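Pasting a structure here, questions to come.
Which chain is which? They are A, B, C and D, in the order written, and residues in each are numbered from 1.
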Amino acid sequence: MLMTGEQYVESLRKLKTRVYMFGEKIDNWVDHPIIRPSINCVKMTYDLAQDPQYVDLMTAKSSLTGETINRFAHLHQSTDDLRKKVKMQRLLGQKTASCFQRCVGMDAFNAVFSTTFEIDKKYGTSYHQNFINYLKFIQKNDLIVDGAMTDPKGDRALAPSKQRDKDLFVHIVERRPDGIVVRGAKAHQTGSINSHEHIIMPTIAMGEDDKDFAVSFACPSDAEGLYMIYGRQSCDTRKLEENADIDLGNKKFGGQEALVVFDNVFIPNDKIFLCGEFEFAGMMVERFAGYHRQSYGGCKVGVGDVLIGAAALAADYNGANKASHVKDKLIEMTHLNETLYCCGIACSAEGYPTQAGNYQIDLLLANVCKQNVTRFPYEIVRLAEDIAGGLMVTMPSAVDFRSDLKVGKDGETLGEVCTKFFAAAPTCTTEERMRILRFIENMCLGASAVGYRTESMHGAGSPQAQRIMIARQGNIEAKKELAKAIAGIK
Amino acid sequence: MLMTGEQYVESLRKLKTRVYMFGEKIDNWVDHPIIRPSINCVKMTYDLAQDPQYVDLMTAKSSLTGETINRFAHLHQSTDDLRKKVKMQRLLGQKTASCFQRCVGMDAFNAVFSTTFEIDKKYGTSYHQNFINYLKFIQKNDLIVDGAMTDPKGDRALAPSKQRDKDLFVHIVERRPDGIVVRGAKAHQTGSINSHEHIIMPTIAMGEDDKDFAVSFACPSDAEGLYMIYGRQSCDTRKLEENADIDLGNKKFGGQEALVVFDNVFIPNDKIFLCGEFEFAGMMVERFAGYHRQSYGGCKVGVGDVLIGAAALAADYNGANKASHVKDKLIEMTHLNETLYCCGIACSAEGYPTQAGNYQIDLLLANVCKQNVTRFPYEIVRLAEDIAGGLMVTMPSAVDFRSDLKVGKDGETLGEVCTKFFAAAPTCTTEERMRILRFIENMCLGASAVGYRTESMHGAGSPQAQRIMIARQGNIEAKKELAKAIAGIK
Amino acid sequence: MLMTGEQYVESLRKLKTRVYMFGEKIDNWVDHPIIRPSINCVKMTYDLAQDPQYVDLMTAKSSLTGETINRFAHLHQSTDDLRKKVKMQRLLGQKTASCFQRCVGMDAFNAVFSTTFEIDKKYGTSYHQNFINYLKFIQKNDLIVDGAMTDPKGDRALAPSKQRDKDLFVHIVERRPDGIVVRGAKAHQTGSINSHEHIIMPTIAMGEDDKDFAVSFACPSDAEGLYMIYGRQSCDTRKLEENADIDLGNKKFGGQEALVVFDNVFIPNDKIFLCGEFEFAGMMVERFAGYHRQSYGGCKVGVGDVLIGAAALAADYNGANKASHVKDKLIEMTHLNETLYCCGIACSAEGYPTQAGNYQIDLLLANVCKQNVTRFPYEIVRLAEDIAGGLMVTMPSAVDFRSDLKVGKDGETLGEVCTKFFAAAPTCTTEERMRILRFIENMCLGASAVGYRTESMHGAGSPQAQRIMIARQGNIEAKKELAKAIAGIK
Amino acid sequence: MLMTGEQYVESLRKLKTRVYMFGEKIDNWVDHPIIRPSINCVKMTYDLAQDPQYVDLMTAKSSLTGETINRFAHLHQSTDDLRKKVKMQRLLGQKTASCFQRCVGMDAFNAVFSTTFEIDKKYGTSYHQNFINYLKFIQKNDLIVDGAMTDPKGDRALAPSKQRDKDLFVHIVERRPDGIVVRGAKAHQTGSINSHEHIIMPTIAMGEDDKDFAVSFACPSDAEGLYMIYGRQSCDTRKLEENADIDLGNKKFGGQEALVVFDNVFIPNDKIFLCGEFEFAGMMVERFAGYHRQSYGGCKVGVGDVLIGAAALAADYNGANKASHVKDKLIEMTHLNETLYCCGIACSAEGYPTQAGNYQIDLLLANVCKQNVTRFPYEIVRLAEDIAGGLMVTMPSAVDFRSDLKVGKDGETLGEVCTKFFAAAPTCTTEERMRILRFIENMCLGASAVGYRTESMHGAGSPQAQRIMIARQGNIEAKKELAKAIAGIK
């Protein structure tokens, strides 16, 4: 049954998730001003699912139960589903200009579903049924799940089992009749705090020595022994400022990241999806990464849409919208953004069914998609900064704009002086101009730059990871044969 | 009924097409060494349609007759058809490393089909039925049609009706009861000579004064009053050299362009598809251009595949294939090429039915596709030149390599000396190395560079034409609203 | 006489400069944690001048008095001086990784010196002598001067005299026998607060109607009626945090910007350098902008050096320094950075004497220099983010790393847990890794990103301003003649 | 004594240089239509030296004899000389739009001069005096010398002494009391045929096993046992066409490359500059390469000037010169071209004296210069193709334009029809338009593309060679220290 956004927020209050920030345990993290914007993003995935105009994108019929579910909990049944996933992500990017955090769960569902099928086929295990039962529970209760992959990794030159400190990769420390005990941590977890549940997956392909590290399972976010340490972001404490609004740029939405620590957490048998079958670790990683690289061809495009709109508004407000170079820069931003969208759509349209029956994206094109995402948002940001003008980083604070401290010879207040001197084209108020410039600041070098830039770079794997996949998937030998045939080489 | 490749070539011999080149009328143009490689490309569209492994891509069931036809004569019935079009084009690019010239006809069919439907709906004319009859004839006889759009244009600052010389745009010079007489020319016509038929379309949106220029029709390539003047290309005369083979790089395939002159050509009524309804000129242009911009996301990707393969072979032959920078350049070439493919696929997958029932591509994404094609092939070429090494442009001629003229003190022949000094890695012969370097030369700055570079730039409209469409289709106002909502601007 | 750095700081305390920030008047701004880092940058220009190893770069012999002066107060006497200017700026960029704010004064001195010479020559005014006297005073007392050019500008489509609110450009409101009274503001003033003095210049070329806006003069920073409103930057309040150090990335140095308001400020006659001779406004702007565009080929290169070093350290600390792609990215960063330096050096080496005798840079090459600065730092930043890895934006706060709050089952503290999980290569401590990642964060999307990115974009004129100058200086007509000669066109 | 251009051409006739092309020995190569354009380029280096307006750039006072000499034979005595070298090269690029081939000699002179000084200092050899005597002879007789470095190299994974065929690197086959006998070849030799003399240098740093390959010497171009095999270029045979002129684009000037074979050539002792002192091979290579990488910051900029001018003319002739995107593309071309010039000037201005007293360029900046040359000309070409339009590659031949074959119904000739349809803006004749488009074709994908593109890529070392040098010269360790200091890392 679909929850409303409000119900989602209330459901979080019931969790006993342990969160640390700035050296303290945060008890009411649901209402914490630094955390709340990221919750609002997740909430949007519920709100839009209630909105009739988006029902086709936001919901789907469960392949497991036939019930209507949020698309984020769906197993893709066709290339059409894959394309709708991308469109849903673009929509959410447009509505939040942020990371809305629910994709990792969806991508984990689809990767674990097909991988467990193949493990069971080989080993006669029951991971696939475990997973189906688990997913039915998620779908039925419309829950948020953090799909967690990235371990801290320690010394990158060493395999998990060769690390000085084994905890740098999540691993099994005890095997019991009723389950396992795991230890370690997952880093850079975007949606961890706002999730009801976690699905843990291995972070790299593994060898036999790494058997204890080849583990996948689910657990609640407030499981005993599990806690989270909040990462700090550019401009995070602006959210703590009184009357924070204008200076935030985007006061309602935002992202977050946390380190999720597993301090000897017990996992019962029916929540285990991989447990030592090391040769499947790589498959799970590759599939999850593939889906997640597709995702970036949707979500970041939506965020790009908002930034393009903001740059266009800034041009209007600056009185520069008629300049041919400004128009051309907006075209270039649109062109780059739509190229990303093309990649998201193409790897979806070229998808194909897995052995388990759900649909997988085209792996080569999904990697090409993500590789472009490591480049174009940076250029879009650069062009936005160009159009916005320097005022975006030199403007006084909103407090100054509202201050009634007298500063001028004729008794003008500080607020009046600010308003006077930062007035621009007659089509907007000074405050409107401030708002749009602060929004652009937020996207380019404030809190949202973390999501739009650095996450575009490293989320779903750093650029070199995609290049390795492109090399593997590019079929260079077949291309050589094409060249030989035409050049007359036998 | 599908023709074989051989039948196609024979069918050309029956035409009386008038062709001029180097100041002379070429009578047996079918066997002319400069022209033949371009015929071989078209022939490949027939050969592959006969090949069982490609039958799904290369043929389709006619929506008009239910017969099996070559896909190049097909009206797209679904987004699946649109994607198959792109895949067919990539395949042909891979097999020829050239422009295979049959796309303009296919793109014209689909654009004229839907536009005539809308003209008839408004004016009660019978252009659509004319066109259906015509296309049945084409499908039945498996003919090649040149879809011709670009007029010479004269002074670009002036509309057609304002030109000093009206002939610089094709126009109606006489209206008779049984048809019209047209005059003018179409420039840059890639497939004109190798086509059985021509479909003429206007080249720009037009106003009321340009009524006589708003004309679309079909006629045979050897119609009375029609003749063609061959364009010269880089390295064209290498094809005339005796034993031309290695130095050509691609001895079998190539492109061509011609000026097609209409010297008072009579067009009977049933071959007319637009005749004065000036406000539909723009629609026909936009739709044809849209399809044709999609096309580049297929054909040039196929050509790129061959060039990437050739660069990889050159690296092998030079003994440089282990160098990390070489591997990385091959990845980059692949990445760029697949990005183009993503654009071709995406604008297809996002297609939609026209009023007439055939499928139209997504216009924004097709323009984004072509815009990327004006950039990435140039970078792919640059990287290929980087990997190939300078020898590609400093190597002696094949004649030297084969010469038995004695030049060395020990009686070594010129051929032996060339072979000795241009030997490289032990994995290839000197001739193999020459062949692949000459192929790359041909693609980068020889005859095929015309097709892979300049045509990528200007074919289906020059870059600025796409930017104008991106601006129009990018819906910047909606993007501004997204930004306002988030920045808190009413 | 040269001041020491300490003497400089003390000298600031004697000023009564009026500064507003966050709605309040800041009395002890010298020690304010948000402002102080920017003072430390200026201080470095004094400290290095005392350092024997830098004496050749940092000092010069005054052309006016023969005394040893800080090079920042020097009139360039040769192309060698121009190159040394660039090298001095690179050095300071390397030492502060920030904007050190003293260049605007130097660039104003040289522009006003040569422009006043030409005004006097035409009008018999005594601005040049006024300026010489003033500069001797500055040189003798080793003072900091803010060269202020950019007006708020209001509606960009209108000339100064056509603005609804005339105050949006600094202008003369009263002419008295002993001087003038001016009103208006200068925006984006980087070094205003830390300067002893201000030189005001017009911001654009002007026509006769704008006579009252064509004004240049000097005044002390604490002149009656003058006050400053501080601009807020990304992450500004991190500087207010207790034990702020690691999270700042660069705890000692930083930039700032302010709005400088002239609320009917009286300027005595001997401090006036332009007063109504509107046709010289353009010359003053063009010369100042030219020098300042040169400057960016020095200072940002120095900052780039530090960022490249930081990225290399991050690679070391992450254990990724052997990866060929990482090495290649460091090469690319170096290549781009040195290309900027080439531009800075080249426009200096091609300098020439003005009528007044000081040296002017090559205007075309200086604009080319700045244009590259609007691009390459963004790519350098992107590559730094790539190498750094996502941890740069997901790491807990320094407070967490130091916390002794017990969180683990075995009594591990929060600090221990953070230290454990963010350990990497054995060659560094976790704290060292944090420090370098926070430094990169600061440069890429923190406070220093304002200086390294947005200021690179808009400082000394936005990109389009340089393009207009490149068009003007590029001598396209002469290039056409070269082409005609070779192509055989008369 | 300076020769005139005519004297130079006559002096070539006296040489018995052995040249092979298309399988034949070319006896009168001086007047051969394929070779002559490249001789005309070299001739221009003599002609301009006679022109009073260029005397300061084109000539210098010999540091050896005090006589006036052509600057191409000069040992650089200052950074001013280094900058003049670059300006001279830009001038010659502007006058020929081609490679003028004399730089390799100049760069060899300066590299061999300083390297021999250091060898002699270590070993007490007399190479330096040998070289001084030789250079005096060259200066006195104003001769052209090909500085030859690149060996065929065979299997790139193996050192010279490890090659299966030792001849793939030039080496000593016999040591006699009066001299040595050498064997091997030099590939890609641009100016070999048009040179009176050759200076041979090793192509890579060498180890002790490669002693016999560590050899440098001079010999006449028609030495016994020496011969050349001409390389074929794109569109080479157009030069053989009757009335070749318009279709050539640049009918007067061009480049060339040849393989220079040493078939047991005797070198007398006084012409030897290195003979087994293997550890100096690397120094000679690095210095020559450094000078030659500087050179590209001059010559290619001059060629770029002509191409920019041609693109601007094409825009004029097409009637597109008012379009803002065209203007912007011309600005971008200028910007890129001047960035290259900045690099050429900067590495010169930052030059320094060698132990031998002549001036060396800044090695880091010279490598940065050349690295940019491997990129920007390709983008300049792309933009030129964009502006030119497709007609550049689809135009009929000049023969067609001149043909009086009747083809039209009213008796219009082929020439008239071509002229009619390719008329454009009223400001030019059709022939003028053809000429400029053919010139652009020639630069972008005709014979001159070899020089402007591929040679920019691989001349003076392929891109990766520069990256290796940038890594070595970039002093990354010092940059790490800068970052540590600011980030607070001990």
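Heads up, the rule we're going with is that a contact is a pair of C-beta atoms (placed from the backbone, for glycine too) under 8 Å apart; a residue touches a chain by one contact, two chains touch by 3 or more.
Quick caveat, the model's predicted, so the values are computed rather than measured.
Student: By mean C-alpha coordinates, which chain is most distant from chain D?
Tutor: Looking at centroid distances, A is the chain farthest away.
Student: For the copies chain B and chain D, give the interface type as same if over half of its residue numbers appear on both sides, and as different if under half do.
Tutor: same
Student: Measure off the straight-line distance from the CA centroid of chain B to the CA centroid of chain C, and report it in whole Å.
Tutor: 52
Student: For chain B and chain D, let me know how many angstrom lie between their CA-based centres, rounded off.
Tutor: 36
Student: Centre to centre, by mean C-alpha position, how many angstrom separate chain C and chain D?
Tutor: 41
Student: Chain D: which residues touch two or more other chains?
Tutor: In chain D, 325, 328, 467 touch at least two other chains.
Student: Provide the residue numbers of chain C that touch chain A in the complex, in ascending order.
Tutor: Per the stated touch rule, the residues are 18, 20-25, 152-157, 164-165, 167-168, 185, 187-188, 225, 227, 229-235, 237-238, 241, 247, 257-259, 261, 263-264, 318-320, 322-323, 325, 374-375, 378-379, 381-382, 385-386, 389-397, 399-400, 402-403, 405, 407-409, 414, 417-418, 420-426, 441, 444-446, 449-450, 453-455, 457-459, 462-464, 467.
Student: Enumerate the contact residues on chain B facing chain A in the complex.
Tutor: Within the complex, chain B touches chain A at residues 79, 83, 94-97, 245-246, 249-253, 305-310, 312-313, 316, 327-328, 330-331, 334-335, 338-339, 341-350, 364-365, 368-369, 371-372, 432, 435-436, 438-439, 467, 470-471, 474, 476, 478-489.
Student: Using the touch definition up top, name the residues of chain C that touch chain B in the complex.
Tutor: Residue list for chain C touching chain B: 324-325, 328.
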